[in-house]
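Please go over the structures that come below.
Two complexes are shown next, each including chain A; its partner changes from chain B in the first to chain C in the second.
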Partner chain A sequence: MIQWAGVAVFLLAIFIAIPGFVAASGRSDLYYTLTSVALLSIASAGVWLTFYIGRINIGQGAFALIGAYVSAILVTKAGISFWLSLPLAGLFAAGVAVLIGLPILRLRGVYFAMISLVLTQVVTLTALALPITNGAKGITSIPLPGGVSIFGLTLIPDFATLENPRLAFYYAASVLMVLTFAAMYRLVNSRLGHLCRSMQQNEELASSIGVNISYIRVIVFSISSFLGGIGGAMFGSIAQSVYPSSFQVADSVNFMLNCFLGGLGYVFGPMLGTLVLYFGWDLLFELGRFQLLAYSSLLIILMLFLPNGLLSLRLPGKKGADK
Partner chain B sequence: MSHLLEVRHVTKKFGGLTANSNISFNVNENEILSVIGPNGAGKSTLFKMISSFLPTTTGEVLYKGERISNLKPHVVARKGVVRTFQETTIFKSMTVRESIIVAQHLRARASLAGYFWGTKTAHEDVASFGQYADDLIEFLGMTEIANEQASNLPQGNLRALGIAIGLATDPKVLLLDEPFAGMNHDETMKMVNLVRKVRDDRGVTVLLVEHDMPAVMNISDRIVVLNFGEMIAEGTPAEIQNNEKVIEAYLGSADDEIGI
Partner chain C sequence: MEQILANGIYLGAQYAMIALGLTLIFALMNVLNFAHGQMYVLGGFVTYTFYGQLGWPFVIALLASCITLAVLGALIERFLFAPVIRRSSREESTMLLAAGLAFLFDAIILLVFGEKQRGVPKIVDGVFNWDFKLIMPYDRILICILAILSIVTFILFMQYSKTGRALRALAQDRTAAQLMGVNVSRYSMIGFALGAMLAGLVGGLLVTITGVNLGMGGPTSIKAFMMVMIGGAGVISGAIAGGIILGFMEAIGLAVLSQYGDITYLLIFVSLMIFLAIRPQGLMGKPWG
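Our next item is the complex of A and B:
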């Protein structure tokens, strides 16, 4: 009961209270910030899932970039609706993840982390080299998402005709985030989640009880990259442009930090981690040239004193999958 | 009696080192067979090859006439040949019951997507996993520690948990890796009884690797002895006890230890 109440409060907050607050305060730039947090937390959720099979993934930026490009190319060159390009971008990223994951997921610990760290750079360089991605100039002037209607009933309005597309993006990103985390919660508490946990704790033992560990690893990595692709595609659409530098190695590192900060044992960890990290950076802006110093020091202190993440403080109504 | 498991001319070389040389023996249905030998005799290597955790260099292992060597461990487990590990290899942050539930992977009928969407088959599976886990916990006398986290358990219980995880897969052949290592006499006797019970009540054929001689003599129907990677004897405990080569191998190894 408490959990459902928590979920209800959370949904009310993001869909009614926050838009109300922003409208009252007149700071509509907050929409952009909150939309970014929602989208980054979707990509971070993917990274969290690879942590759940015991792999340190510092390559989510690569898949976000792939997603952004696939969606941008589909919308600008093939002229299909953004809302169709969104799942296609995710699927394409997942497909790439399968091809890359098959060889590299055998690696463990720091070896996998190092290879994944290179991925972002590889995708950036590929985007610079390929004709279809338009090199360093990137893809610009991407049209805003069009409308979706069935039998004359408008499900999603055409963003270009809206008075406030920022609010529309905020809602779209929030819906995607809620769907992502609902699915993650379900996944972690279903058999796949149990198998992931068994692999995280001991891969040899997991394979001895008949778990096809290489198959599960690839499945999980492709789900993770699907989420990265979705997050990236949505970002491209908001910025209306994609460049090879849209997602960099630093972004990949941030996706990972979001998970650490929120807590690797908690499904909702990446959401909280992204929020705190994103706002934390902005709040420290006042410190000027000491911003990075203060930011990194705070991160180190947090990780020292809360090694299991912020959620280990046990927020009521936000119970994790792990104890 | 039919041969359930056949080890045929199995050889393993690591570079220039021969860990196992041309080993052949059979395991009959419903027997307890032990592989013994001094340290470094190649027991563990052989054990890993039977469960496909290591490939053989030459030779093969057959289960019901089907080759099970040089496959992947999960494929061998799926056929019904399941190994256990020594006590450090467990699911540390799961409880005993959770470990046994997860280990019933092979009994699952619904697909992974089925569990995600919560189909009827998945719900039935989940209920049956719980039931089976409770039965197994009672069978192994682990009721009191069912909800203990594995990392908090003492060594003796961890060994039993390892066997429980293996049994949860509903195996036909259970391979036990040094089930008596580091145990005192009482603990060893408890474990001997447990392994016997597994064979008698659940019809599981047991192959174990061990160097605790008294326990092996007590529990085994037949014994295979390895020394320096070669098989030097095979027979009933009584035969092995009076085998000159075996006595020599064990005394020899004792000398070596003093020599160091």
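Our next item is the complex of A and C:
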């Protein structure tokens, strides 16, 4: 019961209270920040999922960039509706993840962390080298998402005709985020989730009792990359442009930090981590040139006192259960 | 051809030194030091301050770089990494700490030294020219020799000194080393300081040739990761091999592929992925490090 109440409060907060608050305060720039948080937390959720099978993933920026480019190319060159390109971008990223994952998922620990970090760099360089991605100039002036209607009933209005596309993007991103985390919660508590936990603890042991570990880790990695692709595609659409530098190594590291900060043992960790890191960075903007100094010092202090993530503060009893 | 070989040796020697520090820290503490590139940049800036700004002799500036970074490394290990490793329930948490440190170093460098590219006067003038087959400025040759000398010194130190033996024992088996009477926390600190010192030393050496700027840290870390992956994480000979291989690949790639634009690194990355798919632990690494 308490859980359902919590979910209801959360949904009310993001769909009614926050828009109401923003409208009252008149700071519509907050929509952009919150939309970014929602999208980044989707990509971070993917990273969290690979942590769940015991892999340190610092390559989500690669899949976010792939997703952003696929969606941008489909919308600008093929003229497909953005809402159709969004799942296609995710699927393409997932397909790439299967191809890359088959060899590299055999690596573990620091080796996987390093190769996934290198992956981000590879995708950035590929985007610079390929003709279809337009090199360093990137793809610019991507049209805003169009409308979707069935039998004359408008499901999604055309974003270009709205007077406040920011609000529309906020709602779209929030819906995506809620769906993502609902799916994540379901996944973690499903059979697949149990199998993942067994792999996190000991892959050989899991394999010896009949878990098809190579199949599961490719599936999980492709789901993770699907989320990265969707987050990236939506980001490209909001910025209306994609460059090879849209998602860099630093972004990949940030996705990982979001998960760490929120706590790796908790499904909603990535959401909280993203919110705290992104807003923390924005709030420290007042400090001017000391922004990075304060931000990194805070990170280090947080790590010193809460090495198991923010959520470990509130739920100390759960730690043993998740380990 | 001679030119490519010489460039390869020159690049390989400096890369090997960067990779050595990273792999040493990894072998001892199982910490992937994201801040290694930033430590290298910091070393470069210290040498720039003493040699370029204050006009002290180059050797003293280099020593200052080493000492600064060694002290910094020791402090970081004692007050940051050791407590986090003790308290955290997963050892990956140190990666967040290392990433935070990388940001912190970037911030400090930005505040103290600014974001401009800095260079120092040449230490030796002139260019070595062998019949136009092989052209190399004297200062590059000197730096290359110094780098090779430092690597040899480091290997001898690890092989024959008491500290080196203790560090190798720690890297092999922490518990066993402790049982044999090695003061684990003290030697962890020394090892981290040594790794940071190596980063500072390369930074100080290279500032005379390439100069130094704020943005060099991240890419340097990535290159160091690649070298460590090629050779195998936590193995000293592997780091040297990885550094030399990457140096040669870069030198050959830049010479052969220059007309196709900037695809050398793309090819190196792709071949690294294929290599790792076949041999995940690198050339000389232990399986699953």
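As a convention for this text, the second predicted complex is superposed on the first by the 314 of 323 C-alpha atoms of A that agree within 3 Å, B and C clash if a C-alpha of one lies under 4 Å from a C-alpha of the other, contacts with A are read in each partner's own complex, and residues count from 1 in each chain.
One rule holds for everything that comes next: a contact is a pair of C-beta atoms (placed from the backbone, for glycine too) under 8 Å apart; a residue touches a chain by one contact, two chains touch by 3 or more.
Just so we're clear, the structure is a prediction, and the values are computed from it rather than from any experiment.
Asker: If we overlay the two complexes on their shared chain A, which of chain B and chain C does A:Leu162 touch? Say first, second, both or neither.
Answerer: In the superposed model, A:Leu162 contacts neither chain B nor chain C.
Asker: Going by the contact rule set out at the top, does A:Val98 touch chain B (first), chain C (second), both, or neither?
Answerer: Neither: A:Val98 stays clear of chain B and chain C.
Asker: Looking at A:Leu195 after the superposition, I want to know if it touches chain B, chain C, both of them or none. Which is it: first, second, both, neither?
Answerer: Only chain B; A:Leu195 stays clear of chain C.
Asker: Return first, second, both or neither, reflecting whether A:Val148 touches chain B, chain C, both chains, or no partner chain.
Answerer: Touch status of A:Val148: no partner.
Asker: Of the two partner chains, chain B (first) and chain C (second), which one does A:Ile213 touch, if any: first, second, both, or neither?
Answerer: So A:Ile213 only meets chain B here.
Asker: Check whether A:Leu84 is in contact with chain B, with chain C, with both or with neither, and answer first, second, both or neither.
Answerer: neither
Asker: Is it chain B or chain C that touches the larger share of residues in chain A?
Answerer: C
Asker: Using the touch definition from the top, say if A:Leu284 reaches chain B (first), chain C (second), both or neither.
Answerer: neither
Asker: Which holds for A:Val7: it touches chain B only (first), chain C only (second), both, or neither?
Answerer: neither
Asker: Can you give me the overlap between the chain B contact set and the chain C contact set on chain A?
Answerer: 323
Asker: Would you tell me which residues of chain C are touching chain A in their complex?
Answerer: 26, 30, 32, 34, 80, 83-84, 87-90, 92-93, 95-97, 99-101, 103-104, 106-108, 110-111, 218, 222, 225-226, 228-229, 233, 261-263, 265-266, 269-270, 272-274, 276-277, 280-282, 288-289
Asker: Show me the residue ranges of chain A that touch chain C in the complex, using the header's touch definition.
Answerer: 56, 100, 103-104, 106-111, 113-115, 117-119, 121-122, 125-126, 128-129, 249-250, 253, 256-257, 260-261, 264, 289-290, 292-293, 295-297, 299-300, 303-304, 307-308, 319, 323
Asker: Going by the contact rule at the top, pick out the chain B residues touching chain A in the complex.
Answerer: Per the touch definition, chain B meets chain A at residues 51, 53, 72-74, 77-78, 82-85, 89-94, 98, 101-103, 105-106, 108, 110, 112, 115-116, 118, 122, 125, 165-166, 168-169.
Asker: Can you tell me which positions in chain A touch chain B when the two form their complex?
Answerer: 186-187, 190-192, 194-195, 197-198, 201-202, 204-205, 207-213, 219, 322-323
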